[in-house]
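Please read through the structure below; I'll follow up with questions.
Lettered A, B, C and D in written order, each chain numbered from 1.
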Amino acid sequence: MSFLRTPDPNPGWLSESALADARARVPMLYVEAVPVQLGDGGEVIKVGILLRVSPSGSITHCVVSGRVMHGETVRDALGRHIEKDLGPAALPQLPPSPVPFTVAEYFPWPGVSPFLDARQHAVALAYVVPMAGDCQPRHDALEFAWMTPADAVSPSVADEMEGGRGTLVRQALASVGRLP
Amino acid sequence: MSFLRTPDPNPGWLSESALADARARVPMLYVEAVPVQLGDGGEVIKVGILLRVSPSGSITHCVVSGRVMHGETVRDALGRHIEKDLGPAALPQLPPSPVPFTVAEYFPWPGVSPFLDARQHAVALAYVVPMAGDCQPRHDALEFAWMTPADAVSPSVADEMEGGRGTLVRQALASVGRLP
Amino acid sequence: MSFLRTPDPNPGWLSESALADARARVPMLYVEAVPVQLGDGGEVIKVGILLRVSPSGSITHCVVSGRVMHGETVRDALGRHIEKDLGPAALPQLPPSPVPFTVAEYFPWPGVSPFLDARQHAVALAYVVPMAGDCQPRHDALEFAWMTPADAVSPSVADEMEGGRGTLVRQALASVGRLP
Amino acid sequence: MSFLRTPDPNPGWLSESALADARARVPMLYVEAVPVQLGDGGEVIKVGILLRVSPSGSITHCVVSGRVMHGETVRDALGRHIEKDLGPAALPQLPPSPVPFTVAEYFPWPGVSPFLDARQHAVALAYVVPMAGDCQPRHDALEFAWMTPADAVSPSVADEMEGGRGTLVRQALASVGRLP
């Protein structure tokens, strides 16, 4: 089978309709990155939050998030989405371990989990990713802000986060021993 | 949107052709369980290995493994596949935490990861699952055997495991501090 | 060295003055257990909190906590302290993995970590432990109560917890994906 | 109590006899670091092994290992021992999370765990630590070598490792998905 010998170099790109078909049939695999800044001793001191303008004009807060494509490794997907959202100078320290700090399950209906995604059933592997460089919002992000852990979990930020990701940020901080 | 209020009670079942379409387009999300028996102090003393006859007539070793369906939680998928493979009396202690001991990435081509699946690109969340009851092989399994950790990682077993799952069993044992 | 062949069967018991000497010289190793009840699917539905009367007469909340003795395994210490605090019918499911959900560092002075212990520098390996049996407070505990995750992290409970253990309970719930 | 307000800036240094007293009474808390080099994508590609000449003249292999002092954080102890063994230019990326990949329990008698330390009962929190700089053996180390994961777990290396640390290195590699 020639497909085994010469995989499509870009096998994951799908037309919108092919993607819609897949979305209706199987859970979508996602990766999410909570960007952090580290202090001199390696402890988390800041959390990075993206701001986007939603189609309705309201501002929402989010973390780096995106789909794993067919044929792509989880690690490559993580690096790709970080570069897409935070630019090529972000210098992420991708985690040596493939084990996420949590597995976030997004359903299009409420009540199953703390996470919601109206478009689809998605399962996200979520990682805390230290950034050694300069993060510049790209793609459809309006702004990127470094916040203290206390500010990042404050109601004014957490309540504006997409799909329940306020919980995700708190889980991220708990996993590194920095939940305020 | 009525779909949000009354989700299909069985949304994940797909025709073979619909599943084949999805498989060609996105990574399939799987769960895998390495069944274990615990000693009195809660430490792992035995590992459960399934034996199957492959289409070509050879015997292969495997662990519990299966797809997460659309609309199904990871936890429900794990329980469903354990019951399917080990019977209703297995009494699995599903892990309180959604965090797997590893994320195993299966590709249809070699060299990307230690794991291979000729059918598809699959990403498996893998858990160590203690069994408190009686495990009886069902589905297409020929036999189920409890082995010591040393036997489970011996070449005679590990080399016969499907898709590189000898590595998965060793990672499972390492995660519980019982790698021989 | 005969000590290697015939270890003291009870090597960890120390006089108060010998323990005080050690406490002044090295960090004390502790284990802590956050007791939980699981639902049918294995998810955490209740958190167990102990109530004690402090020497000053106020009521404090706490989790299972105690020292690892010389010559004792972490697992044995965990089982011993659970039995001491919750009785012999608690039927704890000790974790197969030795990896804690967090490492809590208690210092006798504030500002270094969220955790305080006026008596000593202690480092605790903390585990979420499902209880399958009946928990009865023993030792110096006044009462034991099962609470929902939301109640367990509410200010009225969390603010009364000894040494910053409100943070520990929240980290425990975050590690199992149940932080409210 | 003035000790609470003005802690000894160097509270952890002990005379040999005071340390021997503590060692006989309570488990000693250790940290261990398995140094690694990362590839461009953040995956572990090399493992660092230290070589020492033992008092009997034989060469033993080891990882970075040392005691946590009274009043010292786990993170500070990890950084201090890495600098002591690998020099000030090693540029370790200390882990954001305090959760170790394993808890290694060393006993002075065999049979309790895979780990042995003739001097003491020690409990080590073990971390995989990426090194971004130049590692130069210091202290009592003879040499420091970067090895592939396959070489690091080969019998010729693993069998020469102190106190069962061949198992520790394999657990470290398993935790990052790189166990050969």
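We adopt the following convention: a residue touches a chain if its C-beta (ideal position, glycine included) is under 8 Å from a C-beta of that chain, and two chains touch if they have at least 3 such contacts.
Quantities reported herein were computed from a predicted structural model and do not represent experimental measurements.
Q: More C-beta contacts across B-C or across C-D?
A: Looking at B-C and C-D side by side, C-D shows more C-beta contacts.
Q: Given the pairs B-D, A-D or A-B, which one repeats the contacts seen at A-C for over half of the pairs?
A: B-D
Q: Please tell me the distance, in whole Å, between the geometric centres of subunit B and subunit C computed from their C-alpha atoms.
A: From the centre of subunit B to the centre of subunit C is 33 Å.
Q: Nearest whole angstrom, what separates the Cα centre of subunit C from the Cα centre of subunit D?
A: A distance of 26 Å separates the two centres.
Q: Provide the list of subunit C residues touching at least two other chains, using ranges where the numbers run on.
A: In subunit C, residues 98-99, 101-103, 175, 177 touch at least two other chains, as defined above.
Q: Considering only which chains touch which, label the overall pattern as line, ring, star, complete or other.
A: The chain contacts form a complete graph, every chain touching every other.
Q: For subunit D, which residues count as touching subunit B in their complex?
A: Listed in rising order, the residues of subunit D that touch subunit B are 102-103, 167, 170-171, 174-175, 177, 179.
Q: Mind pulling up the subunit D residues that touch subunit C in the complex?
A: Against subunit C, the touching part of subunit D is residues 3-5, 7, 12, 14, 18-19, 21-22, 24-29, 67-74, 98-103, 105, 107-109, 112-113, 118, 121, 123, 125.
Q: Inside the complex, what are the residues of subunit C that reach subunit B?
A: The contact residues of subunit C facing subunit B are 36, 38, 41-44, 75-76, 79, 92-99, 101, 128, 130, 175-177.
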